[in-house]
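Going by the order they are written in, the chains are A, B, C and D; count residues from 1 in each one.
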Amino acid sequence: MKRYSGIFVVVLLACAAGGWMFFGCVPDEKAPSQDTMQDEEDYIVIGLSQIGSESDWRNANTGSFRSEFTAENGYYLLFEDAQQKQENQLKAVRDLILQEVDYIILDPIVETGWDTVLMEAKDAGIPVILVDRQIVVEDEDLYTCWVGSDFREEGRRAGQWLADYLESQGRREEQIRIVTLQGTLDSSAQIGRTMGFQDVLSAHGNWEMLERRSGEFTQAKGQEVMRDLLQSHKEIDVLISENDNMTFGAIEAIESAGRTCGPDGDIIVISFDAVRTAIQFMQEGKINADFECNPLLGPKVSKIIEELEAGERVEKIQYIEEQYFDTSMDLEKILEERTY
Amino acid sequence: MKKKKFSLKDLTDTNLLLTITIVVFFLMYIGAILFQGGGFTKPQTFFNILNANAALIILSCGLSLVMITGGIDISVGGVTALISMCCAVYLDFHGGNVSTSLLMALGIGLAFGIFQGFLVAYLDIQPFIITLAGMFFARGLTTIVNTKPFNVANEAFTKLKLTRVIVPGMGAPNRRGVYVDAYVELGVVVAILVVIVMFCFLRWTKLGRSFYAVGGNHQSALMLGINVKRTRFISHVLCGLLAGIGGFVYFLHVGSGSAAHATGAEMDAIASSIIGGTMLTGGVGNIVGTFFGVLSLGTIQNIVSSAGLDEAWWSGITRAVMLCLFLVIQSVVMARKKKA
Amino acid sequence: MKENVVLEMRNIHKSFPGVRALQGVDFTLRKGEIHALMGENGAGKSTLIKVLTGVYGKDEGAIHLDGCEGAAAIHSPQDAQKLGISTVYQEITLCPNLSVAENMFIGRTRGVGQNWKKVNADTDKILRSLDIPAKPTQQLESCSIAVQQMIAIARAVDMECKVLILDEPTSSLDEQEVEKLFGLMRNLREKGVGIVFVTHFLDQVYEVCDRITVMRDGQLVGEYAIKDLPRVQLVSKMLGKELDDMSDIKDEQQEYEKEEGIPPVLEAEGLVSDAGIKPFDFHIDKGEVNGFTGLLGSGRSECVRAIFGADRVTGGTVKMKGKPVKINRPLDAMKNGIAYLPEDRKMDGIVGDLSVRDNIILAQQVLRGFFKPFSKAEANKIADEYIKLLSIKTASADTPIRSLSGGNQQKVILARWLFTHPEYLILDEPTRGIDVGTKVDIQKLVLKLASEGMSVTFISSELDEMLRTCSRLVVMRDRRVVGELTKEDLNQNKVMNTIAGGEE
Amino acid sequence: MSKDRKTSTGSGILTKIVRNQCFIPLIALLLLVAFNLIADPGFFKITLADNSAGNPVLSGFLVTILDSGSELAILAIGMTLVTAASGGQDISVGAAVAIAGSVLLRVLCGSNSRPETLQAPIIVAFLVSCLVAMLFGAFNGVLVAYFNIQPMIATLILYTAGRSIAAWVNNNELPVISEPSFKYFGEFIPGIPIPTPFFIAVACMIVIGLVLKFTDLRLYTEAVGINQDSARLNGLDPKVVKVLSFVILGVCVAVVGLIKVSRISTINYSVIAKDIEMDAILAVALGGNALSGGKFNMAASIIGAYVIQFLTTTLYKFHVQSDALPAYKAVVVIILVVLSAPKVREWLAGLSKRSMKKEAV
């Protein structure tokens, strides 16, 4: 009887293969299927390969693309969530190539390992726009341009702000003990911000970096690591936290350890990203300064795409405008304008 | 018996479940082609599913072996991560060569298999708890070997990684009209070889059949003169060995070492085996089914993402629904058996 | 070793924790004979066979095989197979998920490869030669139980064994199939194979066997040529009562007189369950002690399980005190005042890791409901009371029941059901595997309870216990009620004759 | 012989202590304490200081253990029951916590993910999340009891889908609660220097203690876990008891969800209560409860949970990477499991007998 089941399976396989031939290869040679045709006629199809949805920043970033590339604006957006894995992202880009999108927007998880897949995109004639994080490739022509924040500049500005702030507080000559909550190691934000701050740090002999630990950009981890740091270092004057989510966690840890932070507290907190909640924290006096890492890349990318559609050349590296906030500003007003 | 008389009742449990799996897979794929078109019409989409899941296919084969004997192994994901990290470190920091790293991968897999197999088979410890510990251990050890995720730059390895096997006649023109050959990665070839070898092993060797015997009723198997302990032991060792191969294929696919690699791979592998018709209670299962089980999961992911659904949660839910469905089918088959 | 002897077991001892399963048993099997191994349940037949086939190790004694120098070393089923001992067990020990051919050949040869084509062809040949209606590639499970049994025998036969053990192979076969099997057995006898045949069907023994070895309570009763041992004597030897012992009077039991006008405590009509018994009628009156008797496998346990709702009841009606009741699950029965002490103490009776106290209160606790637990003090009081009442030997009420001896475990279970104050108590083999003192205690208790107005159904493999306690016996054979004996009919001869099938 | 008996009664109390199920986890705890005492007595320092809200609060490693161990202890309660009744473990608790937390936030926030005020009383939100968690527990239970699927595999379904469902409940947004009183559950109530989760854990322990005392839960669960057939013949319905144990675990999950979400006032679907199922199973095993079901000791499980937290915190203190922790835990598990394997025990018993004999000679 096994023989019959075998026949059954073979028949099935044949059916399926036949189906494939019919639905797959045949229309392929003649014309694209109806769906894609409609897409190609009416819309510019954008494929977005996003890292995940691990933080508010990321969600604001995704949201910015979603609200920019709408049908009303003449776009069709295919969204691929890589759930923090490069392998998923590689597959996502390949799938997008196969789906013949017009542009691929890639927010790379790590810096390396992109050559092949970008080559495939190039071969398929699909321009790739990198956003947020940067990559290392042998041939810079593999991608069209990069849009994002200048992390090193952010770090440098944070250092500079700290120097100014300490001076204004009259603590210029004091021994300043600093701890850093780093982001996910080897991410461009982590490298940039750490190095930028290091640039300023090395110019100040009285600043001492007690410890740098990774909080992996998450709130839970930030809280955990900060709790640990507080227990192993008695005196901490400054906390540099490389994103807001970690900062929130760290503040929890600081408070539950019975310490205080912010302008009136004993630990100066400098954070990055400046999401809405962080501004609220600033209002409550828990964060001293926050350096924006603007997630609203949608409009800028959309402008670039318009230029490309028009056949223009675009700049290879495009920094997005960024600001910073500290407690001396009119936070009420900022908060009102803040959309994320 | 004439073909007319053929009915589902005549199928063995293994073949019945296998048939269900294959039917579901092809219905799903044909449905995707019909309703989503786009990328699914291209053979390369299918090959991409294979490329992305080659390692999972191998891991699932190992799990199927263990599950057929009535056991379970949830350490395979951890072992995969450990292997990719060890190989990456070895290749990049110690200038090792690729073939030695392959041996290392197999060695690690075997070591886990032998250790766990011994504890399970000869000390009668529940396989679930011991392989759970194995998973913990492998994951932790991965971080101890190296914390940071990094891409391997070793030339020989990169060359191997980029090796592609062209599938003749399956290519398609891309949007520029250039004909692109369809390809699979080296890992897929390995995976298919593994599937064939394991299929033959289970189908035609005495040891393979005794796997079924032990899983079906280990008391009977003992009475039939099968060395039950040794059979169980071998199933774990083979699973370990396949985890070694799968780990290396995974490493070859991602080309990097990271503690976060292959998270949840063990659960995916178990789910694939179940969907592929491997009975949890042992004694029923088929490697071909497992192969299609993996493909079904991969296809679901593709369908979900190209349908524009937010992949991160939709794929989770659809997979769970599918798993639930197949578990209930198995349960019903079991009930049917008991009644008869 | 004597001429013609293929297997000789001498002075075999085997103990399990709390039980001495085999005590110095001898067994001799000659070439070309069919040798019946007889005994009631718990007599040690299965243990003896498992020792012979290496499933259990023996504590003492030696096994000699024809063609082997000295004592044979049998430590595993594989060893036994290699030495030419093949077994077909009572429960089918083939793998249901493999094909027929695979079942025939797996585990028999060393090496990796197997030429399945040849295996299938060989299997086909064997199946044909033995007239077994199965295909080599068929999944075993899709064959009927009888065919599976025959395949198991075919496998054993094909292994060119010197000793073939058939452990109740006929229990699931119909007459034609049994005939076929007997043909096969005679055929093998001609070829010089020694066959050990274990069965409960006396007809079959007298039809096919040459010699009988009888065991009782882990001991050898004797070895007899078939012509020297008439049927009734065989039964009496199995049950441990000589026929001339008929003077044994029911001294302890008062004659039960039915009170007129009161409906029976329980009345069942056409009751049938999915455990494979034929529909039966049954009733019991207030203060009556009756019993089901019959050999093992005759369906006596299944009957009471059906009454208690332990098996799925598929038909029939039950009335209690004249009122119809529905009993679908044990709790229904318990609520109606029925208590059931199950046959298999280990599997169905005790909750091994729980303390004696918890085991005593369990049933009553379930009746009382989830939100009304006994306080620890109450439970202890109850436990102590019953420990004293039934003189249960235990270190304390806290001791896990597992560590008690069989008899005391049984008393605990009895205490559990007495504590529910049932109107109708079913005792299925309450005296199996326990010491003599406790046996007597339990019988006395049954009579006392009956005199206090409780109805009791008492089942035992030991006929004299039944005769001593019961005022009415329902006799069963082949899962069917074949007779009901009361008053003057209640004597060994009559009962044994009814069990044996009314001949002689 | 008589000599033997004397020594055995003499050491009776000792054997009783050693036999007690709490013995192993307590010994593990003592070992950890001793290790920390030697390595750094500062581990045990507890300081009282004001936090940002001006409340005096206790801090120190011990407080951290009591605080962070709460979730584990609560889950260990439910896991112990499930293990006892079904002879298997629920691996979906982490995912279920994510669902419970997500539902809680959803009810509290309404449609707006950043509400200024709570849209519903916390108690209502908690009850809703409790109900949802119980439903998911019942789902697992039904698969296990009525479909006869091994618990680990049955709960694999929810394990796979749970976090996705959690994200779906809130449309993949990350709601943030700004209401300060919501933080009380995960941090401190003003004026009380001990972290609230500890009180919640204690409350759970008291509740389960009372339940075990005033209902038949223990007897039913153990009877079903030890001998299902026997339990059925005593009028119990093993299926119902199994489902019940999963539903109780659901309640525990909801409580943990509340604490977890309250701690950070928001939720991260992929990280919240990650791997907590493994720790909870470990706690049960460490408490000396058979993973194959049957008799259980709730206190031992709870102590087991705190021992694991103790181990975790100790490892953290010595700067073990948080990702490397599982390796150390795995070693502990393997040693425990191997030591408790019947075969190894037999072998050890044989070994000690032999050595005793040698001594006698």
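Miscellaneous remarks
In this section, a contact is a pair of C-beta atoms (placed from the backbone, for glycine too) under 8 Å apart; a residue touches a chain by one contact, two chains touch by 3 or more.
Given the structure is predicted, the values throughout are model-derived calculations rather than measurements.
Simply put, of A-D and B-D, more C-beta pairs touch at B-D. Across the assembly, the mean Cα position most removed from that of subunit B is the one of C. Mean C-alpha positions place subunit A and subunit D at a centre distance of 36 Å. Averaging C-alpha coordinates per chain places the centre of subunit A 32 Å away from that of subunit B. Centre-to-centre, using mean CA coordinates, subunit A is 73 Å away from subunit C. The multi-chain contact residues of subunit C, meaning those touching 2 or more other chains, are 99.
Residue positions 1-2, 52-53, 83-84 of subunit A are each in touch with at least two other chains.
Residue positions of subunit B touching 2 or more other chains, listed in rising order: 10, 12, 147, 310, 312.
Interface residues of subunit B, counted against subunit D in their complex, comprise 72, 119, 122-126, 128-130, 132-137, 139-144, 147, 259, 267, 270-271, 274, 280-281, 310, 312-317, 319-321, 323-324, 327-328, 330-331, 334.
Contacts from subunit B toward subunit A in the complex involve residues 1, 3, 6, 10-12, 15, 18-19, 22-23, 26, 29-30, 33-34, 36-45, 48, 51-52, 147-151, 153, 162, 172-176, 178, 180, 253-256, 260-261, 302, 305-306, 308, 310-312.
Across the complex, subunit C is touched by residues 213-217, 219-220, 222-223, 226-227, 229-237, 294-295 of subunit D. Per the touch definition, subunit D reaches subunit A in the complex via residues 47-53, 56-57, 59-61, 64, 67, 114, 167, 172-174, 176, 178, 187-188, 195, 263-264, 266, 268, 270-272, 316-317, 322.
Interface of subunit A with subunit D (complex): residues 52-54, 56, 59, 83-84, 218-221, 223-224, 227-228, 231-232, 248-249, 251-252, 254-262, 265, 276-277, 280, 286.
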